[in-house]
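Listed below are the structures to be examined.
Shared between the two complexes below is chain A, which pairs with chain B and chain C, respectively.
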Partner chain A sequence: MFEFFFKYSAYVYDKGEFVLAAGWPAIIATAVLAAIAIPVILRYSSVRGKSSRLDRSVLVTIRLCVLSIILFLLLQPSLAVSTAVPQENFVGIILDDSQSMQLTDYGDERLAPRSDFIHELFGNENSKLMMELNERFKPRFFRFSDSAERLEDLNELSYSGEQTRVGPALDFAHQELAAVPLSGLIIVTDGADNSIDGLSASLQSLRANSIPVFPVGVGMERFNRDIELTSVEAPTTVLAGSQVSADVVIEHKGFSGETVLLLVEGPDGIVGTQEVELPNQGDSTVVKAQFTTTREGPHLYSFRIAVQDDEMVRNNNQRDILIVVQDRQDKVLYVEGEPTNRTGFLRNFAIDDDPNLMLGVFMRMAENKFWRAGFESAEELAAGFPTTREELFQYKALIVGSFEADFFTTDQRQMIHDFVSQRGGSFLMLGGRNAFGEGGWQNTPVAEILPVELVPPFASAIDPFYVDVFVTPTLFGRTHPVTQMADSLELSLQHWQTLPPLGIVNQVGKVKPGAVSVLEGKTVNDETHVVLAYQRFGRGKALAFTPVNQWYWQMAFEIPLEDLTHETLWQQIFRWLVNEVPGQVTASTVVDRFAPGAPVTVTVGVLDDNFIEINNAAVTAIVTSPSGQTRGLELDWTVDTDGEYIATFIPDEEGFHQIHVWAGRDGKALGEDIAHVEIAKLSTEAFAAERRSALLARLAQETGGRLYSPENVASLPDDLRVSEGGTTVLEVKDLWDLPLIFMLLVALVGTEWSYRKVRGLA
Partner chain B sequence: MEVWRSKSFLVVAGLGVLLGGTTLAHDSPSLPRHTETVEEASGQAYGGYIGDRNFVISRGNGLHEFYFTRAIYSSWSRGYGRRGRGSWATDWPKADVQFLWGLKRLTNIDAYDFDNPVTLDNPDLRRYPFLYMLEVGAMQLTPPEVEGLRDYLTAGGFLFVDDFWGTYEWQVFEHEIYKVLPSHEIVELPLDHPLFSNFYVIEEILQVPNVGNGRSGYGTWEQDGYVPHVRAIFDDDGRLLVLINWNTDLGDAWEWAEDPWYPLTYSNFAYQMAVNAIIYAMSH
Partner chain C sequence: MTLKLIPRVAVVPVILFVLAILVDSGMPLSAEQGSQRGWFGRGRRDIMSSSTLPIENIPQAGEFIFLRVRFDEAYTSYGGYEWGLDMGWNHDYPRAEQNITMMLEELTNIPVKIDFRGGNILSFSEPEIFDYPFVYISEPGYWVWNDEEVLRLRNYLLKGGFIMVDDMQSDDTEAFYRIMNQAIPNTQFEILDTTHPIFNCFFQITPEDILNQYYRARYNGTPVIYGVYEDNDPGKRLMVVINHNQDIGESWEFANTGYVPVEQANNSYKIGMNYIICSMLH
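After this line comes the complex of A and B, so read on.
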């Protein structure tokens, strides 16, 4: 449409500079206009007859407009643009060879594969587009998916690539054509980039070299009917028996209000199901999927929704994630300021048979008289609560029961703070007559890490505080792993309603901003009290659990003997405490599943005994392939980040690879860690497969190119001529013969004639 | 870690002074509490000497961590219960309250100051994980009491048995406790068990005499119970459910600890044994 009125595309106007080719000074043109206009105005104003003052004003205005346009045309309006010298410049044509190009949403009926577009326009030498390109440029073809390469024949395209990596494809083509004058790069793709590469560096390089990119987007921007599991977020490493809560993002089009079943499948079959009602408003919803891990080792957990009728993409209804279930034993330190029933119930019922937890209990029985149990050796904590960071930081979680703050030295209180913020450990304060504000913890470093405010008045022995509260999960807590008491969220919530009340003896304030309440308690008077809250603090997290008699859920008459509420709650809290608490050495990869042949970069963080980053460690790794073959890796400090070391390798087998990392310094071992990656053919092309116009527009905007669709791609050769890339000459394009100007003149003259006719002035 | 030796520490010194003037009131005026009569709480009594039921049971409301809870059970004998009540009430409530005075001085347990008798078939029994029961040689449990005690122990409760003597009373107790825990075995608790060393180190099981024998010094035994035993019942997971003090009377030692004629050695041992049991029950 634009070109119909303005003769050239908007891109040409954008690239060109407006000039008046007649070369008259503007003052002369103005004088000429005035010389014509003034007599006309005077003539019309002196006319007396049947015309009114309004008539005369309208007619003189129209006449003056016509005169102005004619005068403007006499000034020879033109557009000066740099145009490519014919057959002097190259153009790179980069064609998407990934699987998503097989999706059938091209053509008038939206039934042809996207790849047809490539063959119709670029595979046919007689197509108008190719003829114009060949006439003006020297085209060079490339194909890309997970990698890019030169393409001699379009029949080599197989559309079987398992990834779409736009950035490396642009880099490759740019590099290949770096030595020749290059007018621009045409990239034909759906833009469904599913790589982890950033585009910024590639675009910056192209922009610096004045090479515009002309993306041609294919495919529908929005499918009519489709369900996609966009992402699944879950802990990558958990203890065996842990309750796992995964955030599943489900995106849909055309299924508003319909209910589908989400299945979770583990190594031993289905481990969870959940009905999901797809939202009416908005396309996506987040679902918490709950399941329990059992078998040790790296396992794939699949989340899927059965394929529905008329779905555009049938293999984007399933997502697989790798979860490493570890059978390690994590150390937890539990210090209790007085003999409490919960100590025995926790030890006896909650973690007694748990091989993955080592709960060391340090309990004060009387003034300066302590009882210890559950430690690795008789020497451990023989001198009391740790006095050095090294001693405290060996634990993954610290639980403080009814212990007054004054028992701890200033340094010990700061150590507890650092245990969370610096070491990344988990801290849990339990309710009790000497806990929270009643224990004098306000205005200490520990108060800073707690997720609840400690505000006076604090209860005391003289004025004790006590309330019974009925405990239920908060809106957030309903989907949290620690609150899951049954196979489904609904049953779990119903179970919470049946539990007898627990007692609270601490008056804590509100949950701090940024902290989250997981469980809350209501009194018979409907007053709300915090029961379980947590917040991230530094590298770790801190929890507050206010009831004093949680053991009652083991003993209560109202609860059947076979009920496992007490055990389940505390096993889940303990696992929450220790899961994902970092060690001194942590190995990770940016994703845990890679396509065959893709490079795998291992990143290792190394900390000393006080959990401070160190840059002079010796870090090595052994990669064990599924067949048992091993290879050694030496990891180097990244320099950019303290304590971070990396190495890259390319696996040569499919399946699970174990990466065992060791770090040491000055001959002393600092620690080790194990990461796992799976090498497998990925179905990433089925996800986010709609045309991503936003990404394609960015390619054009940041490089000075223009975005096309199959509907407007015909103007591409003309636009490419004025792209300013390659060898160019200055060309002046006439604008006097714009169709718009002709139509305007006709309209003005016609309007005057019509006006006269209507007013009887003709 | 410091461990207090049993023979080096005088447990109950001054108890008599502390106890002087104590009214044995059953409540703390500042705290709300539930009230209930024995009659209401026990439901049907069975063939025994429940006696006067028209008194208030002292029940905690959960504010305190520990309630010295005495089991009210049916019995065919009146025993030495106060004012004609059943054998459950032997030494009650003075022994209970006097023990609590000592417990609070010796440990930092947040204990309720007063006695807390509860019937075995009362659902609220489950609020108190530690249960004291004595004179079980006269015990004759009703079916609801059997069920109540079984569920209590299965749910996580701990039973401390005291003050029964000789072969006959053992047989009665054994018969009754097997109604509660029919598939469990009663075993001798060896001195190397952690219960004997978690607070005080107990190296010898003393026979604690009743107040009469203790004052007279004539002998420490009753009936044919010449040798004191500490026996136990464990569940399948090794959890200690029942601690049985046979041929000994710890309760009298607490009750008469302030009596200058009652030997300090026995009071001392009685406190140590009970403190260790309570600490063990709360931590295991």
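After this line comes the complex of A and C, so read on.
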């Protein structure tokens, strides 16, 4: 449409510079306009007859407009554009050879594979597009998927690539054609880039060399009917027996209101099922899938929804994630300011037989009289609460019971703060007469990390504060792993309704902004109290649990003897506390599943005993393949980030690879960690496979190119001519014969004639 | 000989009177329903229902409240105890709990409810007893238990409760042994020696230190502390302590009167506080 009115495409106008080819000075043109306009105005204004003042104003305006346009045309308006010299320039045509090009969603009436578009337009020498390109340029073809290469014959395209990596493809074509005059790069793809590469560096390089990219997008921007498991987020490392809650993002098109079954399959079969009602409003929903990990080791957990009728993509209904179930023993320090029944019930029922937790209890039984239990050695905490960071930071979680703030020194209170923010540990404050505000914790560094506001107590010592609250999960808490008490969310919620009330003696304030309430309690008067809340703080997290008698969910008359509410809740809280708490040495990879042949980069963070990053550590790793073959790696400091070391290797086997990392400094071991990756054929091409116009538009915008679809790709050769890339000459394109101008003149003259006719002035 | 002292015409009314007392009092007619110690152990023949006593308990507010267990028992008489009744379970009430709770408040960090009543009183027929993980039972040898109480005693212990049984001599201990075995079959009473944490979790003390003069004088009894473990496994949780030939509560009661030696009073406080604290630590 634009070209119909304006003769050239918008891209040509964008690239060109407007000039008046007549070469008259502007002052002369203005004088000529004035010389014509003034007599016209005077003539019309002096006319007396049937015409009114309004008539004369309308007519003189129309006449002046006509005269102005004619004068403008006499000035010879033109566009000066740099135009590629025919047959002097090259153009790179990069064709997507990935699996997603096999999807059948190209065309209007009868849908065909996306690859058909490539063959119809670029594989046919007689197509108008290729004829024009061949006439003006020297095309060079490339194919790309997970890697890019030159393409001599389009029949070599197999559309079997397991990845779409746009950035490296542009880089490759740019390098291949670096020595020749290059008008631009045409990339034909669905834009479904599923790599971890960034595009910025590639685009910056192209922009710096004035090489525009002309993406041609193919495929539907929105499928008619499809269900996709867009992502699954779950902890990568958990203790054996942990309840895991995975966030599953399900996206659908055309299934509004329908119910589907989400299955979770672990190493021993189905470990969870959940019915999901797909939303009417919006395309995506987030589902919390709950399951329990049992067997030690790295295991794949599959999340899937059965393929429904008429789905456009059938293999995007399943996602696999790698979860490493560890059988380690984590140390938790529990300091309690007074003898209380909850200590015994926690020790005896919650973690008694748990081989993965070591709960060291440090209890003040009386003034200056302490009791210790559960520690590794008789010397551990023999001198009381840790006085050095090194001593405190050996624990993964710290629980503080009814201890007043003044018991701790200023440095110890700061250490508790740093334990969370710097060490990345978990902190839990339990309710009690000396906890929270009642214990004077407000205005201390610990108050900063707590997820609740602390307020000074207003109850008197004679009539202390006490309320019984019936506890239920909040809307957020209903799907949180710690609140799961049954096999399904509904049964779990029903179970919470049956529990007897717990007592609270602390008057805590609101949950802080950024913190989340997981459990809340209601009194018989319907007053709401915080029961369990948490927030991330720095590298770690802090929790607040306000009731004083959680043991009551073990003892209460209403609770059956075989009920496991107390045990389950606290086992899950303990695992929540210790899971994903980092050690001094942490090994990771950017993703945990790689395609065969893809390089695997191991990133290791190294901290000293005070959890401060160190850059002069000796870091080594041993990679063990599924067949037991090992290879050693030396990791180097990245320089960019303190305490970060990397090394890259290319696995030569499929299956699980173990990466065991050690770090030390000055002959002293700092720690070790184990990461796992799986090498397998990935089905990433089936996900997010709709045409990604936003990404393609970015390619064009940032390089000075233009985005095309199959509908408007015909103008590509013309646009490419004025792309300013390669060898160009300056070309002046006339604008005086724009169809729009003639239409405007006809419209003005016609309007004057019609006006005179209507007003009786003709 | 006895009949000669009663006019022949009075024999029938006397027999009827005795039977009426037995029926009205609801006394079990079979040994399986009640204590094995014997209905006439102390010479009285009536049963006092403890549930009719005017007891008003202290409401829970997150603090430690001493709880005494009441029960119907085969022997009840009027006496110099609370409510003017000698019921075994109410021996030393309320001064024993008044004194031990004050000592707990004074010497430990336990948040204790101090009240003129000393503590609360509940029976195993009352569900609220499960609100108290530590309970005190005095002289359960005369306990006339029923199936509901035994079931709740079992649940109480297996859920995590702790019972201190006091003022026991051989007949009482044997009777309580039978109660325990009905609640938890094959229960064993193990002698707790000095190495057990119950003797050093707060105060350092030995069983010999807590000699009770009364038992020594009356029964020449050697004090022994028995324990009942979960699954009869000494490596597991201690659920019950039984003060055999011992009356700790009495020493608490008279600690501030001069009726018991100072050392005996002090030691009874020590072992009592150890029981309470150990029950919290499991």
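Note that in this section the second predicted complex is superposed on the first by the 699 of 762 C-alpha atoms of A that agree within 3 Å, B and C clash if a C-alpha of one lies under 4 Å from a C-alpha of the other, contacts with A are read in each partner's own complex, and residues count from 1 in each chain.
By definition in this document, a residue touches a chain if its C-beta (ideal position, glycine included) is under 8 Å from a C-beta of that chain, and two chains touch if they have at least 3 such contacts.
Given the structure is predicted, the values throughout are model-derived calculations rather than measurements.
Colleague: Label the relationship between chain B and chain C on chain A in the superposed model as either fit or clash.
Modeller: In the arrangement built by aligning on chain A, the partners chain C and chain B clash.
Colleague: For A:Arg433, decide between first (touching chain B), second (touching chain C), both and neither.
Modeller: After superposing on A, A:Arg433 lies in contact with both chain B and chain C.
Colleague: Determine, under the contact definition given at the top, whether A:Phe557 touches first (chain B), second (chain C), both, or neither.
Modeller: After superposing on A, A:Phe557 lies in contact with both chain B and chain C.
Colleague: Which of the two partners, first being chain B and second being chain C, lies in contact with A:Thr340: first, second, both, or neither?
Modeller: A:Thr340 contacts both chain B and chain C.
Colleague: Quick one: is A:Arg304 in contact with chain B, with chain C, with both, or with neither? Answer first, second, both or neither.
Modeller: Once the two structures are laid over each other on A, A:Arg304 reaches no partner at all.
Colleague: Pick one for A:Asn368: touches chain B only (first), chain C only (second), both, or neither.
Modeller: The first partner, chain B, only.
Colleague: Determine, under the contact definition given at the top, whether A:Tyr466 touches first (chain B), second (chain C), both, or neither.
Modeller: A:Tyr466 sits against chain B and chain C alike.
Colleague: Classify the contacts of A:Phe349 with the two partner chains as first (chain B alone), second (chain C alone), both, or neither.
Modeller: both
Colleague: If you stack the two complexes on chain A, which partner ends up touching A:Val505: first (chain B), second (chain C), both, or neither?
Modeller: both
Colleague: Can you pull the chain A residues that chain B and chain C both touch?
Modeller: 337-341, 343-345, 347-349, 363-367, 369, 371, 373, 402, 433, 464, 466, 503, 505, 548-549, 551-552, 554-558, 561
Colleague: For the complex, which residues does chain A have touching chain B?
Modeller: 337-341, 343-345, 347-349, 352-353, 361, 363-373, 382, 402, 433, 463-464, 466, 468, 503, 505, 548-549, 551-552, 554-558, 561
Colleague: In their shared complex, at which residues does chain B touch chain A?
Modeller: 1-2, 4, 30-31, 61-63, 65-66, 106-110, 123-127, 129, 151-152, 154-157, 198-199, 237, 239, 278-279, 281-284
Colleague: Could you list, by residue number, the parts of chain A that touch chain C in their complex?
Modeller: Within the complex, chain A contacts chain C at residues 337-341, 343-345, 347-349, 363-367, 369, 371, 373, 402, 433, 464, 466, 503-505, 548-549, 551-552, 554-559, 561.
Colleague: Inside the complex, what are the residues of chain C that reach chain A?
Modeller: 60-62, 107-111, 127-131, 133-134, 152, 155-156, 158-161, 201-202, 237, 276-277, 279-282
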